[in-house]
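Listed below are the structures to be examined.
Each of the next two complexes has chain A plus one more chain, namely chain B in the first and chain C in the second.
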Partner chain A sequence: MKQWMTLLNKELLEMTRNFKWIWVPIVFILIAVMEPITAYYMPQIIDSLGDLPDGAVIELPVPSAEEVLVASLSQYNTLGLLVIILSSMGIIAGERKSGVAGLILVKPVSYTAFVTAKWAGAMLLLWISYFIGYFVSWYYVGILFDTIPFIDFIQSFFIYGLWLSFVLTITVFFNSFLKSPGAVGFLSFAAVIVLIVISGTFSKWFEWSPAQLLSYASTFIMSGPISSDVWAAIILSVSGIIMLLGGSIAIFRRKELA
Partner chain B sequence: MSVVHVKNLKKNYQKHEVIKGIDFELMDKKCIALLGANGAGKTTTLQMLSGLMKPTNGEILFSGSREGDDFRHLIGYLPQHPVFYDWMTGREFLEYAGKLSGLSKKDSKKRTQELLELVGIEEAKNRRIGKYSGGMKQRLGIAQAIIHRPKLVILDEPVSALDPFGRREVLELMGRLKKETAILFSTHILNDAEEVCDEILFLHNGRLVESGTMEQLRDKHQQAKIDLEFKEDAARYADLFTALVKVQSHAIKRNKISFFVEDIELAKIGFLKVIAERNLPLVKFEISRTSLEEVFMKVVEK
Partner chain C sequence: MELSQVNWEVIIPIVAPIILIQLILLAIAIIDLVRIEKVNGPKWVWILVILFVNIVGPILYFVIGRRND
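Presenting the complex of A and B:
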């Protein structure tokens, strides 16, 4: 445990020194806040672009507060995933490529602790950045549109956060056996896209897929009828994360580091 | 006391055999040099001993631990090109390495300070490692390898990348370390090996072609040698001397001839007589023994 804390502290310090604690939260805020602001100012934006014939009247339906907040989450499902993968694609692969992993792992360091501490560090960064970003979006929706009950916000926050954690764990998994951060990033992104496309296309058969958590999170915001499949998806995501992490450790242990 | 016993160690890369079965034993508080040309398999051997690479065959047995045990706490390892976290300071890295090796926070701090002074980078301890010079990184690498007082310190080419001053200091440092632990280091520079180590392992094409203490190797391979240097081409004088005493072999290099002889005293008198009688244009007369380098060449050629 002491060793694990040493490893985690090193991760947190590294993220401070390379400014991840600054840029990742900022990007998460920008992604989420764009949605309520552009939705609110859309008429003015179109107006200022001009080029419309005199007398043309544009009538845009004003989106509801719930719709805007859901749109924020949908933004996370593209740009947010990209940020998560980009910021974590080198956490182990990069150290193996440079050779510093070899220097550390000839010390009596537990492989389990090494992998889980890196995962935990990245999870902390993810959840804190995601909370700040999503909270700011909720706040702006409240100001510009209508207040959404805090409990709905929190529920959707946790359910969708589970999917983000799942994506992060996929990246850690590819990190355990690939030496090139670029390859890790590419494969993680490919895996996530395939998962989203398949679960979306065949949604009937993939009610329990972690990629469906976005739509379940939306139903919590919309206060729609909550499907019983949401529990299946939550349980599957949690066990998927545990299995991927276990697999990463098992693979990493067998890997030659030289 | 034996620290580690290596039996029939082999390593294949795909089908290519890199290490073809080597055996040796390392003793406590001895410094052993692993000598060999580039590509002889030195780094591969050291990486297997450090646990970074798994042997295809054979076993590495540390005293006091059984086959398959984690022996990483017993060793300290410095790779050929050590890489650190550039964003850490030297002090932070050593404290981190100490804590990972199982030292308490307090011990780690204390030991870090000791080592920073020992390897001579005390004044740079709060600088980022990214700004360190090659020599400083090498010293930091040695410090992190010995922070947990391992039984065996493995150093891969610790001095090859250093300038003459750095090389001297690191060799002296190794001499001091020898009092506490066993050291196994690889090099292709024979003088370095000669200077600090007690024993030598010659590695060639994945095989141990020769091993032993310096004295053993000298007795076995070294020959008395007389070097002559003339003002002009030496080839024409060679026969004068070879006819004289029992000369095992000789080598001519432009103006120089080296004679390997059995009885140095007899050869010396005979040679000098011939030179004086004939008034040969001699520039240099030297009696010496074959250097380690020549031993190495000879062993490798076999």
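Presenting the complex of A and C:
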């Protein structure tokens, strides 16, 4: 445990040194906050940009507060995923390339501790940035539109956060056997897109898919009827995360520094 | 709508914090770029990228520009 804490501390220190603690939260805030602001100013934006003929009237339905918050979450499902993958694609692969992993693993450090400490560090960064970003978005929606109950916000926060964690764990998994950060990023992104597309098109058969967590988080915000498939998706995501993590430890142990 | 018709007093308190954190991101990238020894590719290109590519520029710098070794 002491060894694990040391590894985690090293991870956190490294993330401070390469500014991840600054740019990841800022980017998460920017991604989420753009949505309520553009939705709020859309009539003015159209007015000032378009050369509309006199008398042309565009009636834009004013989106409800819930819709705007859901739109923030959908932004995370594209740009947010990209940021997660970009920020974590080198966590093991980069160290292996530069030889730092070799320096550490020469000492009696367990592979499990090495991989899980890296994963925990990345998770900490993800959840803190995601919370700050989503909270700011919720706050802006409250100012510009209407207050959404905090309980809805927190529920959707945790449910959707599970999907983000799943994506992060996929990246860690690819990190365990690939040497180049670029390849890790590419493969993780491909895997995530395939997951989203398949479970989106065949949503009837994939109601338990982790990629569906976005739509479940939305039903919590919209206070719609909550289907029992939420639990299936949650349980599957958690077990998927554990399995992927176990798999990456096993592969990493076998591959070692090859 | 003319620019003068825009009600700036309402807009500024809402948009200013966003612009501020965007500037922080940009400033940190620039400061780090000046202080760092070596980057991937020429430094002046990165200055242009950070300054002129909105939001994405600093991210690209932190992800690709900084050498990890």
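Assume the second predicted complex is superposed on the first by the 255 of 258 C-alpha atoms of A that agree within 3 Å, B and C clash if a C-alpha of one lies under 4 Å from a C-alpha of the other, contacts with A are read in each partner's own complex, and residues count from 1 in each chain.
Rule of thumb we're sticking to: a contact is a pair of C-beta atoms (placed from the backbone, for glycine too) under 8 Å apart; a residue touches a chain by one contact, two chains touch by 3 or more.
Given the structure is predicted, the values throughout are model-derived calculations rather than measurements.
Engineer: Output check: A:Phe19 vs chain B and chain C. Expected answer is one of first, second, both, neither. What do you get?
Structural biologist: Second partner only, chain C.
Engineer: Considering only the touch criterion stated at the top, classify A:Lys204 as touching first (chain B), second (chain C), both, or neither.
Structural biologist: Neither chain B nor chain C is touched by A:Lys204.
Engineer: Looking at chain A, does chain C or chain B touch more of its residues?
Structural biologist: Per-residue touch count on chain A favours C.
Engineer: A:Lys107 contacts which: chain B (first), chain C (second), both, neither?
Structural biologist: The first partner, chain B, only.
Engineer: Give one of first, second, both or neither to describe whether A:Thr6 is in contact with chain B, with chain C, with both, or with none.
Structural biologist: First partner only.
Engineer: Just to be sure I read the superposition right, which of the two partners does A:Leu86 touch: chain B = first, chain C = second, or both, or neither?
Structural biologist: Second partner only, chain C.
Engineer: Check whether A:Ser98 is in contact with chain B, with chain C, with both or with neither, and answer first, second, both or neither.
Structural biologist: both
Engineer: Once the two structures are superposed, pull the chain A residues common to the chain B and chain C interfaces.
Structural biologist: The overlap between the chain B and chain C interfaces on chain A comprises residues 18, 98.
Engineer: Under the definition above, what is the set of chain B residues touching chain A in their complex?
Structural biologist: Touch list, chain B to chain A: 47, 50-54, 70, 72-73, 75-77, 79, 81-85, 87, 96-97, 99-102, 141, 144, 148.
Engineer: Which residues of chain A touch chain C in their complex?
Structural biologist: Against chain C, the touching part of chain A is residues 18-20, 22-23, 26-27, 29-30, 33-34, 37, 40-41, 44, 47-48, 83, 86-87, 90, 94, 97-98, 140, 143-144, 181.
Engineer: Which of the residues in chain C come into contact with chain A in the complex?
Structural biologist: Chain C residues touching chain A: 1, 3, 6, 11, 14-15, 18, 21-22, 24-25, 28-29, 32, 55, 58-59, 62-63, 66, 68-69.
Engineer: List the residues on chain A that touch chain B in their complex, please.
Structural biologist: Interface residues on the chain A side: 2-3, 6-7, 10, 14, 17-18, 98-100, 102-109, 256-258.
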